[in-house]
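What follows is a pair of complexes built around chain A, which joins chain B in one and chain C in the other.
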Partner chain A sequence: MSADVALSTRLGRAKRLRRLAEAATGWGLALPAAVLMLALILIPTASAALLALTDYQLGARRVSFIGAANFVEMWRDRVFWQAFANTLIYTALTVPLSVGLGLGAALLIEADPTGRTAFRTIYFLPVTALLVAMATVWEFILHPQLGLVNVALRQIGIAGPDWLASPDWVLASLGFIFVWQQTGYNMILFLAGLKGISPELYQAARVDGADRGVERFTMVTWPGLAATTLFVTVITTLYSFRVFDTVAALTQGGPSNASNVLLYNIYREGFVYLRTGYASAMTLVFLALILMVAMVQMRARRGHSA
Partner chain B sequence: MSGGHRLGRLARAVRLVVLTIGAAVMLAPFIWGLAASFKPAAEIWSGSLRLLPESFHGWENYTAAFNRAPLGRFLVNGVIVCGGILIFQLIFAIPCAYALSKHRFAGRTVIFGAVLIGLLIPIHVTAIPLYLGFARLGLLNTYAALIAPFAISVFGIFLFRQFFAAIPDDLIAAARVDGFSEWAIIWRVVVPASWPAITAFAIFSVTSHWNDLFWPFIVIQSTDLAPPALGVVYFRRDESGVDFGPMMAATVIVTAPLVVAFLLAQRRFIDGITLSGVKG
Partner chain C sequence: MASLEIDGVSKRYGDNLILDGVSVDVPDGAFLTLVGPSGCGKSTLLRILAGLELQDAGSLRIGGHEVSHLRPSRRDIAMVFQSYALYPHMTVAQNIAIPLILRRLPLWQRLPLMARLLPQARSTLARIDAEVQAAMEMLGLTSLAERRPVQLSGGQRQRVALGRALVRQPAVFLLDEPLSNLDAKLRVHMRSEIAQLHGRLGTTFVYVTHDQIEAMTMSTHVAVMMEGRLLQVATPSEIYADPADLRVAEFIGSPKINVLPARVGADGTLTGVGLPVSGSVAAAPGTAVQLGLRPEHLILRRGGGRGTVSAIEDTGPERFVSLVLDASDAPVVARVAPDHCAGLRVGDDVSLAVLPGKALVFDHAGARLGFDHPAMTPGEFDHVR
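Up next, the complex of A and B:
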């Protein structure tokens, strides 16, 4: 009896020791990454939130806590609102287009074997291209007098605008460059989604009398792609919030802030005007946009699984 | 649409026409830029729609491009930065992902929670505090500043954790019986079993950092340290705007490495992007 108890406590201790050893190994393996996450992501994010409450200017000796004053200033700051609105307009223009075109390209490419590989390669090519470099070529193609686009338009009697210098067109032109690059990326994700739809579903639909392409699309393909479409839309939205490269390289936010966007405005306030605290406050607005998209995604996903 | 349905002849023709128009738009800047890199300024600015150069000026444009900016240096910087980032990301993310998927320990959920939060926070949010930190350490305008912020990839941890979870526990238990240390198990059992995930991640990582402009734009001031994307911005700044031939030559040079790599290893690139889509 007592020998049994002794044995079981010894076993218990051995078990506890083993568990402790496992915890130690687990922590040993995860610790370096955990420390880096803390130092490079979590603490900096918290610091940005704190800086947003100060009047800190880059290089200044003094810094004081000013509460929500940066946010009050932002509320009245026309340039900020313009950058904010431009970012949303840019997103509203580019996301439906690049998701729709990506889906269209994937469906057309999958519809028939002719040229399948070649088209897939060509459509994906822009994804691998250096964006700032290709933006330079687009600038050349969109040149008001001598660019390919306006020269071609002139031949059919249309006077094209100065795409990148007209306040009415600059955002759309930058958005076009984004769509050009993003469509191939979305196409690849949709192609993967299409592969995941079981052929039996199409057969079942045929048995049910869904013979036309449109019917097969609405009954099988589109529901089958729901998860993919949600993911593609979310990721494209996040990428499009991040528009920066083309603005920094081609327009510097101009003409007169017509192409100023959130990230470019943060860069300018923080690193050109050196208003660190104010730029940090804007960073939080940017983060809030991202979190909103993430929340919508979570909601939508829960909706699907329910 | 698959499912063994054959398209009619008309539908096939329409499909080809539409896809070809799309392909022309996708390829236009590559072809037009490449063509311009072979043309003299007079031809570039003639407003002609002629694709091929009338007089070949490629040699002059490419030597001018190399003389005007250290293009080779930009490419080497790109390799150093992307290579450095990738090595650190793998060294830190793989053991952490292994611990998260194959070990039970208190705090595991906390670490995984941090990973999930990290997935939502891009460099743009942390940029200002990181910049201040690097300034304090006197590390602005160095390779360290370019590489260090990306040494940890939460996306890498997330991706590898998912992949490692599919490795049978028996395989790892057997390795332990054979006297493998945890470290040896990671590099000699887990990693070899996970090459598809690792190459996919590598392609994803290199592509995004080769293309990144935002962070280098902030922390780098000298031409000698510029990765390709920043190099292009410097090149544009020095450019008077009239001499477009060398500009296009420079564009071709900095764009070529990744595009050529993609054309040589298409399957892997596409798998890499597709796999990065498991994030959803």
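Up next, the complex of A and C:
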């Protein structure tokens, strides 16, 4: 009897030990990733959150805790709100266009095998281009007098504006450059999505009576691309929020903040005016915005799979 | 319901001739199975029937009307695909309703709000719903109406695909290897379910498969295809007992038919087989021929020095004995009762005879040759048996 008890406790101990070892292995394996995440994401975010509550200026000797003062200032900062609005407008302009054009290009390329590889390459080329370098090319194309666009417009009797210096046109012009680059990327994602739709579904639709392309698109293609479209839209929105390089290279936020966007504003406050504390506070707001978009995607995906 | 006439249909992909002048008439209400090894063109023929591909030559008539120039949706056919091809975002009921909705409601009336606003669209939808309910009831799908395809088992998906096909009451059903994605047990079950469905509907079925059991068990007509040609169209029993071509004889039947080389003797008898085969061939003496012997048409006896047993397989209800004939070195399989030659072992010496009237003779190219059997008296038969 007691031998049995001893045996069972020994077995219990062995089991516990094994479970402990298993847990240790699990933690060990997760450690490198956890350390990296801590060092690269969580600690910087936490320091930004801390800095946001101070009046720290880059290189300053003194730093004092000022509570929510940075956020209050942000609330009253006209430039911040303009950058915020500009970012939203820019996103509203570019996301539907680049997602729609990407889908359109993918559908056209998929519809006919003629020159498929060539078209795919052509549309994808802008993605591989370095935007800062391409910005100079765009600067020339959009030049008010010598630029390709205005020379062409002049041929048909239209006097084009100074695309990058007109407060009315500058956001649209920058948005166009974004669309030019992002469309190819979205196209590739949509092409991959299209590959995942069984050709038998299209055949079934034809037998079932979907004679028109529109019907087959609504019955097979669009539902089949639901997950892809969601992903592409979220990715494009995030990229669009993060617009910086074209602004920095072409307009520096001008004229009079007409093309100032959130990220550029943060950069200017933080690295030009050296107001690290204030920039950190804006970074937190920016981060919250990005998180919101990501959460919309997660929510939608869960709804989709259920 | 309609007959189906396929006349001289050819199809070529680049240099590959996929279909080479295929012609077959399918009577109204028949269950025609297109069977053959993969790549024989059977699926292509079905897709041409459906209108999903265009033939290079030849014509197709359904119920006497030429349909070659018609779109798939105008051919009055329904098709069940190998992958079932159910719309993943729609429920079972919606999947089954789709062919009716597409046909009876114009595009603008299908918009979500329109159906609710227009009384006419509403009554059409109500009628469609009743037909869908009837189809689901017929297939035992009523309790699954609101499920989506991902939530269904393979057999259930199969039934939804059948429902989507039959709800429209088409003239011809086309089925493209519909059972190949199911496990073995379910396949047997669905086999009889589809055959019963055919019996109930009485519609013409064209069924593509590479599985000879499916072909033999379900069809009224079997068409054996190879390399883009139709080798023979006949009832299952004719295909088995009276094959027109050695390739047909070899494709249908398991274990495979035994093929032995032989030569036509002076009086038309077969020589060089290594076992006695009575009868005379309609071919010139000296012609090399191929003798086809079904495993169950061989009579196996111990001793006699005609061959040696090389393997024995017991399946329960029957026993397959593989042996090597001394005369020709050809491997031969005999199918016998499980208690036949009890105690027989590998290496044993055996003799073989052929059930009278059962030998099939083919020429060197595989075409069937006439073979006259002498009439047997009942007594003689007892002796052989």
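Worth pointing out:
The rule is simple: the second predicted complex is superposed on the first by the 273 of 306 C-alpha atoms of A that agree within 3 Å, B and C clash if a C-alpha of one lies under 4 Å from a C-alpha of the other, contacts with A are read in each partner's own complex, and residues count from 1 in each chain.
By our rule, a residue touches a chain if its C-beta (ideal position, glycine included) is under 8 Å from a C-beta of that chain, and two chains touch if they have at least 3 such contacts.
Owing to the predicted nature of the structure, the values given are computational and were not obtained by experimental measurement.
Following the overlay on chain A, a side-by-side fit with no clash is recorded for the pair chain B and chain C.
By the touch criterion defined above, A:Ala85 lies against neither chain B nor chain C after alignment on the C-alpha atoms of chain A. Of the two partner chains placed around the shared chain by superposition, chain C is the only one that A:Glu215 touches, whereas chain B remains out of contact. If you count the residues of chain A touched by chain B and by chain C, you find the higher number for B. Of the two partner chains, chain C is the only one touched by A:Val207; chain B is not.
By the touch criterion defined above, A:Pro223 lies against chain C but remains apart from chain B after alignment on the C-alpha atoms of chain A.
When both complexes are overlaid on chain A, the residue A:Met37 reaches chain B alone and has no touch with chain C. Overlay on chain A (Cα): least separation between chain B and chain C is 7 Å. In the superposition on chain A, the residues of chain A contacted by chain B and by chain C overlap at 201, 203, 206, 220.
Within the complex formed with chain A, the residues of chain B that make contact are 1-5, 7, 11-12, 15-16, 18-19, 22-23, 25-30, 32-33, 36, 44-49, 92-93, 95-96, 98-100, 103-108, 111, 114-115, 117-118, 120-122, 124-133, 148-149, 151-152, 154, 157, 182, 186, 207, 210-211, 213-214, 217-218, 228-229, 232-233, 236, 244, 247-248, 250-251, 254-255, 258-259, 261-263, 266, 269-270, 273-274, 277, 279-280.
Touching chain B in their complex are the following residues of chain A: 22-30, 32-34, 36-38, 40-45, 47-48, 51, 58, 101, 105, 107-112, 114-115, 119-134, 136-138, 140-141, 145-146, 148, 151-152, 180, 183-185, 188-189, 191-192, 194, 197, 199, 201-203, 205-206, 213, 216-217, 220-221, 227-228, 230-231, 234-235, 242, 244-245, 248-249, 263, 266-267, 270-271, 276, 279-280, 283, 286-287, 290-291, 294.
Those residues of chain A that touch chain C in the complex are listed here as 198, 200-201, 203-204, 206-212, 214-215, 219-220, 223-224, 226.
By the touch criterion given at the top, residues 47, 50-52, 71-73, 77-79, 81-83, 85, 87-89, 98-99, 102-103, 107, 164 of chain C touch chain A in their complex.
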